[in-house]
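Chain IDs A, B and C follow the sequence of writing; residue 1 opens each chain.
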Amino acid sequence: MRPRRLVGFNLLSATLLGVGGYFLGHWVGTRLSAGMDSQIGTDQNDVAIFMGFLFALLGWLIGLGFFNYPLARMMGRPPSLREKEEAGSGRYFRLCTDHKVVGLQYFVTVLLFFMIAGLNAMFIRAELLTPNETLWNANQYLSLVSLHGTMMLMMTSAAILGPFGNYFVPIMIGARRMAFPRLEALSFWLVPPAGLILLSAVALGGFPTGWTGYAPLANEARAGMDAYIFAFGLIGLSMTIVGANMIATVLTMRAPGLTWNRLPIFVWGVLCTSMLMVLAAPVLFSTLAMLTLDRTADTSFFLASAGGSPFLWDNLFWFFGHPEVYILALPGFGVVLEILPVFARKPLWGYRLAVAGMVGVAVLSFMVWQHHLFVSGINADLRPFYMLTTELISIPTGFIFLNGLGTLWRGRIRFTVPMLFALAFFSNFLIGGLSGVFLSDVPSDVSTHGSYFVMAHFHYTIMGGLVFALFAATYYWLPKMTGLQFNEMLAKVHFWMMFVFFNFTFAPLFAAGMLGMPRRVSVYAPRLQGINIFVSSSAFLLGVSMLIFLINLVYSMVIARVPAEANPWASRGIEFQLPTPVPVTNFETTPVIQSDPYDYGVPDAVPVAALKPVAAPVVGGGST
Amino acid sequence: MSVGAKALAIGCATALAIVLVALYIVDFLAATPSTVKAASAPGGARLTLQTVASYGHSPHPDWVSYLVQDGGGKWHHTTVFKVPAHSLVHVTIYQYDTATGLRNPFWSQVRGTVGGSMTVDGKTMNALNPDLASHTFAIPDMGISVPLKGVADDAKNQCSVAPCPLSQAHTTVTFTFRTGKPGKYRWQCFVPCAASFIFGNGGPMQSPGWMDGYLVVA
Amino acid sequence: MASEALPSGGPPERVHGRRLFVIWAALTVVGVLLIVFVAGPHMPPGNFSQEARDQRHINILLAALAVPVLFGVWTCLAYIFTTFRQGEGELQDGPPVRGHPRLQVVWVVATAAIVLSLGAFGTEELLGSAKGAGGGQGPDPLAVPAGQKVQVQVIGQQWAWTFRYPAYGGVETSQLALPEGQTTELHVTSLDVSHSFWAIQLGVKADAIPGNDNVAFVTPRHTGSFEIRCAELCGLWHGHMHNTGVVMTQAGFAAWIKQQQAANAPATKTLPPYSTHYFPDPIRRAG
């Protein structure tokens, strides 16, 4: 590469400006807080740290060139999406508004942070081999737990919407791009700084609160807490942007003929998730802003003795936090229901019921948050209400199961790797859902709340649900995105290892929780050591299965590079009717959608879309 | 890209990943306070500690801290102490910090020591006025809790840089306790002594190596 | 939606349905019997207190209800996997069935019925028969067990539990002892951050929130010891915040509390007057 090309708006300048920005911001913050009691004598100036992060973020965005466009417009230059037309591999390392590039950027970034968070999980399980602290001290252990939880929550929020939503939603709705391509790029470029800032908590002494950041523990925590707040805030911002962008795209940019009941079910999943993101993520952002003020400007939102309340944090956090877990689950529903018809060779069974299920889950998810506070000592009169709403959620979730079983029934099932992951999703999510009934029932929740039962429950829904769906989507769509095949043998080994050891890891933890193991402890009753040794060993093998995936990814995408067909799965989905690699503009002309993408077995089905409509749109008839 | 270049790139990336993981383990995870073995004494061991209002050195010059003396008389900035099992441990604490006062006066009583008492500057006591407590030395799992009397606020010649010499203002607290079976016991301070932190419980109160640590009974 | 008319192969719907039902029913009966009679008596949190017993009954019931659902989906999946496979190297489509309105309605009604009755049952248990089931109910509990109660205050602080007995001169102890066969009114509060008081074998859990008085009830059924752990992440030594509690005979309790009053007398003198909550002083102390 010529040195000239290193100068300009690219990753290098972004990194340099980001690092420089941190030190500049830190200096400014130190000046700003010079007279503040709360920052004196603590050897941790939260104001300076926040200013450092803020300036680092600005430097990063300036370096990437996010301000070029608004400045150009202010000076009266015409708008342009020139970046979009660029070719070559360089665009993957730059601000690029092509939704397909953003999708792949998201995929690699999310995967990277996902692996880091997974590594922390291995360290956690290593510590839990013994009932007392052996490998790490208590502070390191809690930091590991907090980093694992927060990183996973941050990254899985974007795990499906980021890579596959960005890549395939515009294609599935017959559009050339997202409604707001620059915002789309921004939503991605906020993720790497968020991940890196969160990791910087390690250098700031770690933070002890887990991903829930409960105040007032968060008020008194060490400077690593600032990293949590800033990083999670960035993700909140990114989620809001993604959500708004997706909603605008799906509402306004559908191709002719794409009526609401022809919309691929994955797009419905994305749409429902986006609604949740737009409504829930700003609450997270403002809650974190309050905590920031508590830590820097000495306000007392969460301090009981100074007019605030710890319950304020609990309520606000879970008002975001519970929709958040459905932000994780809904794209998974979308992915598996999208994949099942392809490999069962049958139309999606009960399309409207599936949509109703997703919308129902999305709406109900805003009415259940106090089930996290059943024994908290907040006014308990509403417990029956939250118990009922929580249990009601299993009705729309049940729809998804009926859709799945109905689609599979009398199908001609091909057990491909994406299909295996999609089917495992049902088994895992079922266990996750049924254990949720225990947690929703107040008397039962008394013993299970805050224990490993909860931990096993949400790992069954998030890892067993979302992560399995994520791998289903990866094996299903990544060959389309990269034009390269996965090694099937390694993929099958990955699946079976992951499925078996996932269950071996988390099923015993239901028992551990019920028998009295609280969450997030490095010290537990010695009588539970047997269970923990078994779980840790399984967890390490689960980690090995992830390593196999990584090896497969590198082997298939970098070393072997076997080209994939344009439509390897004989799918009717519109994305598979396009050539591989997908052209920069997606479609030569605006396509006309003629049916939903699930017309398997229909004797004289028309193609899902007329990619080159000859004249006026012909709906329902034959085409070229 | 040629095969060799690809292999090189992947090899480099893998090596980089391994190096980063190793750095993470070494820098963050393995960076735990070192262990200091208590000096041996008749019937067991002698543990000599001091508490300072401000450590005075990087990385946290303003933080309150414990220090420990090894058998050779050298002061170490750590809070992990090793003592023998089933034996007597004679503890001497030189207390250089001023009083903060206990949040929960329950800890103003001496518990778990031999005779249920301590000596403060030579005087035997079994409890302390909770407002005079500067720190406590407590090992809850062994039932041990000893309140440490603070130096008067207006005392002359106060120490601000560790390790503090005996010539500076301090109180001397001694007590003896008996260790049981081997294990790793946490110990901590129950006085909200972390100045400028909310509740007085932030910073050093949450950090092994400062006001928290382990008693390794072996 | 006459799927029989299409070339999908296999026996008619009714035969599949009958086979499925038989497998499911057999598995469910075995599963439920195992849950109720084999696992049930060992189901946590056990039999130590009235509350733990109520929770155990509910856990058994929920587990027994989960079995048919679990086996229902698993049986369907397993049946589908073995029956409706694509042959090797084939690519045939299944019947283009897009739904079954009556089945969908039945499913919706059935799940709604199960869920609503679960909700009703849970509410009845919570407020009626189980009387709060040992969970923290906040300052004014809705479900209060009848009869005389011993008051005990549970104080969480970073990182230890202490217990205060207002009826015995407000003595504070580091061990929790409860009299057998008598309802205890636990007032859980915190001096700094949020904790959660979990008496595992007693089936009691109540968060300790600063500035709040969280009331939970427990009636131990026999003497013995139980574990106490903190169930809400509270900072550095969260995992170490454990303790062993004891249930004593009434006479044993009377003797124990007298001994505690004597042993803790020096500290008791200095304690603040008993209150349902204590506000931690948030003021940042300079230097």
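What we mean here is this: a residue touches a chain if its C-beta (ideal position, glycine included) is under 8 Å from a C-beta of that chain, and two chains touch if they have at least 3 such contacts.
Every value quoted in this text rests on a predicted model; they were computed, and no experiment measured them.
Shared contact partners of chain A and chain B comprise C. Here the chain at the heart of the shown protein, by mean C-alpha position, is A. Chain centre most remote from that of chain B: A (centre = mean of CA atoms). Put simply, the C-alpha centre of chain A and that of chain B have 41 angstrom between them. Annotation: 38 Å between the Cα-based centres of chain B and chain C. One simple way to say how far apart two chains are is to compare their mean CA positions; for chain A and chain C this gives 29 Å. Among the residues of chain B, those in touch with two or more other chains are 186, 195-199, 201, 206-208, 212.
Contact of a single residue of chain C with at least two other chains is seen at positions 192-193, 235-237, 240, 280-282, 284, 286-287. For chain A, residues that reach two or more other chains under the stated contact definition are 37-38, 40-41, 133, 138-139, 208, 216, 220-221, 303.
Those residues of chain B lying in contact with chain A across their complex are 6, 9-10, 21, 24, 27-29, 32-33, 59-63, 183-184, 186, 195-199, 201-203, 206-208, 212, 214. Residues 37-38, 40-41, 133, 138-139, 141-142, 208-210, 212, 214, 216-217, 220-221, 298, 300, 303-306, 309-311, 344-353, 373-381, 383-384, 387-388, 391-392, 394-395, 398-399, 401-402, 405-406, 408-415, 423, 426-427, 430-431, 434, 437-438, 440-447, 449-451, 514-516, 518-525, 570, 599-602 of chain A are the ones touching chain C in the complex. On the side of chain C, the complex with chain A involves touching residues 3, 6, 8, 10, 43-45, 51-52, 54-55, 58-59, 62, 65-66, 69-70, 73-74, 76-77, 80-81, 84-86, 90-100, 103-104, 107-108, 111-112, 115-116, 118-119, 122-123, 125-127, 130, 133-142, 188, 192-194, 196, 198, 200-201, 203-216, 227, 229-240, 242, 279-282, 284, 286-287. By the touch rule above, chain C contacts chain B in their complex via residues 155, 157-160, 162, 172, 174, 191-193, 235-237, 240, 264, 266-267, 270-272, 280-282, 284-287.
Against chain B, in their complex, chain A makes its touches with residues 37-38, 40-44, 119, 123, 132-140, 143-144, 202-203, 205-206, 208, 216, 219-222, 303, 554, 558-559.
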